[in-house]
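The two complexes that follow have subunit A in common; it is paired with subunit B in the first and with subunit C in the second.
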Partner chain A sequence: MNITRKIMRLFFLIIGLLSSSGVWAEINSLAILSKIDSQVSFVDSDFSAEIAMTQTKPGEGISQRTVALFRRDREQKFVMLLLKPESDRGKGYLKIGNNLWLYETIPTRRFTVTSAKDRFQNSNARNSDFTRSTLALDYKIVSMGKEKLGPFDTTIYNLEALHNDITFPKTKLWVTADSLVRKTEDYSLSGQLLRTTAMPSYQEFKGRFVPKKVTIIDALLGKTLNGVFKNETTEYTLSKLSTDPLPSLIFTQSYLEKNSQ
Partner chain B sequence: MLGIAWRNFILQFHRYRVLAAALVLGALVFTVLFGVTASLTHTVREKAARYFSGDVMVLNFSHPRDWIIDDELAIRRAFDEAGLDVASHHRRSLYYETDAKLVFNGTSLVQRRVIGLDFSEERDNFSQQEFLEGGLPKGPIPTDGLWVSNDTAQRLHVRVGDEVILMVKTDQGFRNTVSLRLAGVFQDSSFFGFASYLDYRTLNRVLGRPEETITELGISLGSGADSDSAARTVWRRLKDAVPTLPWVGTLDGAYAWADKNPISTPTYAVLPLSGRLKQINDLIEAIYAVNALLVLVFLVVVAIGVYNTYQMIAFERTREVGTMRALGMQKSAVITLFLTESLMLGFLSSVAGLILGSLALWLLGQVDFSGNLLAQMFLAKGRVAFAWPWQNVATVLGVMWLTTLTGAVVPAWRAAAQRPVDALRHE
Partner chain C sequence: MNRTFSYLALWLGMVGLAGAQDTSDPLFMNPEPDSAADTTQKVPLDAYTGQSLKFFETLKVDGYFITGYKDNGELVNSPYNALNFGFGTDMRLDRTARAYSSFYLTYPNPESTKSSNQYNPTVAPVDLSGKGDLTFSNIKVKELFLDYSVGTLAIVRLGRQSATWGQGRIFNPGNLVQGIGDDAAIAAKISSAIGPLTVTAVAIKNDPFYLGTGPDPKTALALASIAEAGLVEYSSDWFSTGLSGFFHASVGGKADLYFKSSLWGADIFLDCLAEVGTTMQRSYTGVAGLYRDFGDGSSKWLKLQAEWLVSGWGNDGSFTGVSDKNLGFSDQTFGVAVTTDLFSQISTKPSMLWLHTLSDSSGQVIFGLVNSSLPHIDLTLGVARVYGSPDSRYVTINPDSQERLWSLTLKASFNFDIKS
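On to the complex of A and B.
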């Protein structure tokens, strides 16, 4: 009896220590974010899709792009090839591990080192938006709450960056019970809202989920038209989804060079 | 002799007048040319000194490069002990990355340098900016105040009092923002790149640096001081006190040395303003080279003109020379007489040109060139500041005087060499 009590005391002591030291919270945070990551990652197969992107700059008009996306999440590789407009055809991005290159064709054909934090082709999307989701590696949950988001009952997670290789140091996620992110707000370190992203609907594909349409609203950039401030927005949809194996050659610089010719 | 020369000069002035007019014009042009060059040089250097922490600055080139100055006291002591004519001190924290942006009402603009000023030291110097709107308040400086160039203000459509967001990356690599209130718009050509100014503590906070951090320490010197020799003097003092780069003289030189010899502890470079102004120095040197070429061409023309004119004058005054020689005047006296007249011509023409040139410079200073954005870098409040570089002007006038004298030597000698009897027979 004494021994049982001692074991019970020890158990609660350990639980108490874990809770007070934040270790439990970290383990919990890791589990939640890993679940969110796993819902949208294709670690068991390659993934490819076609992205149709529309960039709206108030007062300046609309520009459209079509991009081919190839991902090999298990090796942290991805390639994006610009298909339209014709003037950008041949341009591309290649990410291998932590290195990201932009291949340009004008004025000369060359690779330049770029960053996942940079804007994708001057849109409101960042290069990191198209790579594998790595929330569990990049962020920790610092607080959470509940909120109704349109038709969705969501849990809000306030995240803070674990390292400086991420695009935004603070992020807020609205996540439904199926661990799908429906909305994000990205903030600067001081708490300035920088952009809002909405992913209201997903398509289930080979046991994973891919957003049907993503809308990114830049919180700072835009224009006042007729007395109303209109934000710059970028919308994109994913189609032609595939998990067919991709040749390894795709994830090389020579492929981008060859593709541009 | 002087009296005879003066009398002859007045009596023969109708023969000198074309040459005199040319000399007056030459002196006028050179006074204006050197005055404008000196004005532009002075103005651009003054603006550059405000942009780059003064005439002499100290930077930390340790590796990796965080630029943070840890040995401020030793550097200040070196400034003090150098015995220089210090007009003002500069104490700054800088952000010099490619991603600094100002955002206002949906528009963003990249800033090349975001400069955090310690207003307790830089207030007087910064107040010399040509403010077009707002400026520095008489009381305490607002910690959220922001001062931008007119170019930046126009592109962002921002007015004094508007709230502007500054986006930077912290020293730890995180994207960060701070809301600032536009407190002033100053005239600037942005030749050195867009720069905006704020309180250094505010900048340090948004960069995640300790509040009192500084990354540039410098001094502005009194008028006419040589920044190169001043920097060398400071360097000699500083190298005995703290680890210092060998004398490199230029920013590129400092980078090259530091890249070749990476040192993890603070190691300082002392740089003169000229060491950071390669393009400007090249431009100024080019202007001076063109000036020198013009002076040379003009002096050659003057020498030929003087020679020809005096040939004619000596020819026309042959009988006069014959009479003077018949009355007992020596050859040397005749030569001296002609040369004294030429000196008078040179002197009076130069002085007249100088006076007219100074007047032209003053008039030029009254013209408002504010509309020309390209010229703004060289202008003070949109105008050419009055400058009268006496060394340059005096040198040119001296050489011009000498040229006039030289041009008259051969005709004077030839005139004096004639026999009085031949000269008197001359028709």
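On to the complex of A and C.
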């Protein structure tokens, strides 16, 4: 009996120490974010999809783009190739690890270093939106709560960046029980809301999940029309999903060079 | 204490003690249910999969006025104008084959010795023989090449083409294929992915560039006048590296090794170059650089580019073999370029470039302000200062043909660009 009590005491002592030191929370944070990452990552195969993107600028109209996305998540490689509009057809981005290249033809043909934090083609999406999800590597959970989001029962995770090489230093996730992110809010270091992203529905594909439609509301960009501030928005859908093997040549600068105008 | 409290709150939250709020978000009013993906279609592997033919034209008209002081205090005012007209075709037969052509002509003709320096910034004063004979250049080939994809194994490009190697944006001694885009050049290039490596090999024929004089009819056809270059690159999760080499029988050999990565939010690179001339003279050059932007992601209040060059033969960028003027590692130069997005709402972009050489304390500082609020028109205000002794590097290579050391530039550019 005494031994059982001692073991129980020791157990609670360890739990208490782990909780107060943050170790337990960090382990849980890592596990939760890893699970979220794994739901949307294709580490066992290549992944390709077509993205149809519509950007709405209040008072200026609508612009549309179609983009081919190629990913090799296990090697942290991705290529994005613009298919439409015609004027931008063949423009491309190549990302390998933490290096991201944009091929320019003017004034000279050369690759320029760009940032995953930058806007994709001046839309409200960022280049980093299309890469493999690496929440577990980039963030830690600092607080959480519960919220009903339309028909979804969600857990809210407030995240803080673990390093500087990340697009948003603070972010907030609404996650359903199946570990799918339904909504995010991205913040600056000072706590200013920068954008809201909604992914209400997913398509299941080869045991993983891909958002059907993503809506991004830019909190900073927009225009006041008739006394009301209207935010810039970008919506995109993903289709033509495939996990067929991709030629390694796609993930090279030469491939972008060949497709450029 | 706060850290401990937040972790405790997190742990408590994880075991479900936090209460659920109910919010009505319009984005989630009637969401489509999750479902299986439609897998009947696949994304094309290339942007161009069928036949495609494009014509394009570009026209750039510049008018500008430069005023400033020379070293002796003389005030020199210069109105200039220039016109550059380009046109070409981009023909894709299918996803394997492409033919591309691009031609241009300029006004005034930079090769005309009769052109007036008053209106022609490309002609140095010593070349002047008169004023008012402003002629167009002949039509020149800018690029004319054929692309061919060997399945998914390799991409071949044959013909007149341009390319830039090297990591430096301010100083780029690693650009071993510098002669590839010249008026007199023709090249063959093949690229392939071999395992984790990307391999590129190039053969370039450009006798005026590599031999330093006009092509000798006898040597022009000789195989020895062809320059060969190769580049092997590897990228991992956290860095990229590449090794390139160059050889020309009349110039010598070069080898370049670069390393590129991101650290603390900055892109960093190191580019090291070794040269061996035809008489075994040697020279070494290194460039280290970083690029970092600052801002919350929506607009960058500062974009900073800084590079440090340690050179055995200066930074004039010319490829004429190993220079006699080997200054050793005391020849150090730095360059800093900054710009900002703060004024993008009024379509205005300020920028600054500062180049300074430590070996002779010369340099140049350029401030620029470009406004693009009018359709097709860029208005530029520039201030340039060149400093140093009369025989120092940046005074000697002053790009102003009037050799002003202080100058103010007002420029208007009309840009016209159309594709069909």
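Here is the rule we go by: the second predicted complex is superposed on the first by the 247 of 261 C-alpha atoms of A that agree within 3 Å, B and C clash if a C-alpha of one lies under 4 Å from a C-alpha of the other, contacts with A are read in each partner's own complex, and residues count from 1 in each chain.
Methods note: a contact is a pair of C-beta atoms (placed from the backbone, for glycine too) under 8 Å apart; a residue touches a chain by one contact, two chains touch by 3 or more.
It should be emphasised that the depicted structure is a prediction, and the values quoted were computed from it without experimental measurement.
Peer 1: Once both complexes are superposed via subunit A, do subunit B and subunit C end up clashing or fitting?
Peer 2: By the criteria stated at the top, subunit C and subunit B clash after superposition.
Peer 1: Does the superposition put A:Ser188 against subunit B (first), subunit C (second), both, or neither?
Peer 2: In the superposition, A:Ser188 contacts both subunit B and subunit C.
Peer 1: Determine, under the contact definition given at the top, whether A:Asn127 touches first (subunit B), second (subunit C), both, or neither.
Peer 2: After superposition on chain A, A:Asn127 lies in contact with neither partner.
Peer 1: According to the stated criteria, A:Thr233 is in contact with first (subunit B), second (subunit C), both, or neither; which is it?
Peer 2: A:Thr233 sits against neither subunit B nor subunit C.
Peer 1: In this superposition, which partner touches a larger number of subunit A residues, subunit B or subunit C?
Peer 2: C
Peer 1: For A:Thr56, decide between first (touching subunit B), second (touching subunit C), both and neither.
Peer 2: After superposition on chain A, A:Thr56 lies in contact with neither partner.
Peer 1: So in the superposed three-chain picture, is A:Phe168 touching just subunit B, just subunit C, both, or none of them (first/second/both/neither)?
Peer 2: A:Phe168 sits against subunit B and subunit C alike.
Peer 1: One more residue to check, A:Gln39. First (subunit B), second (subunit C), both or neither?
Peer 2: After superposition on chain A, A:Gln39 lies in contact with neither partner.
Peer 1: Quick one: is A:Thr224 in contact with subunit B, with subunit C, with both, or with neither? Answer first, second, both or neither.
Peer 2: Touch status of A:Thr224: first partner only.
Peer 1: After superposition on chain A, which segment of subunit B among 55-63, 91-99, 325-333 or 415-423 overlaps with subunit C?
Peer 2: In the superposition, subunit C collides with subunit B along 91-99.
Peer 1: In the superposed arrangement, what residues of subunit A touch both subunit B and subunit C?
Peer 2: Shared contact residues on subunit A: 117, 164-165, 167-168, 188-190, 192, 194, 220-221.
Peer 1: Given the complex with subunit B, which residues does subunit A contribute to the contact?
Peer 2: 58, 117, 161, 164-165, 167-169, 188-190, 192, 194, 220-224, 229-232
Peer 1: Quick check: in the complex, which residue numbers of subunit A touch subunit C?
Peer 2: 19-22, 24-26, 28-29, 48-50, 68-70, 75-77, 81-83, 86-87, 89-90, 92, 96-99, 108-113, 115, 117, 126, 141-153, 164-165, 167-168, 180, 182-183, 186, 188-190, 192, 194, 198, 200-205, 209-210, 212-213, 215, 218, 220-221, 239-242, 244, 246-255, 257-259, 261
Peer 1: Write out the stretch or stretches of subunit B touching subunit A in their complex.
Peer 2: Interface residues on the subunit B side: 103, 105-108, 165, 167, 170, 172-179, 206, 208.
Peer 1: Mind listing the subunit C positions that touch subunit A in their complex?
Peer 2: 3-4, 6-11, 13-14, 18-25, 27-39, 41-48, 54, 90, 98, 147, 149, 152-155, 157, 161-164, 169, 181, 191-193, 195, 198, 200, 233, 235-240, 260-262, 264-265, 267, 291, 293, 296-298, 419
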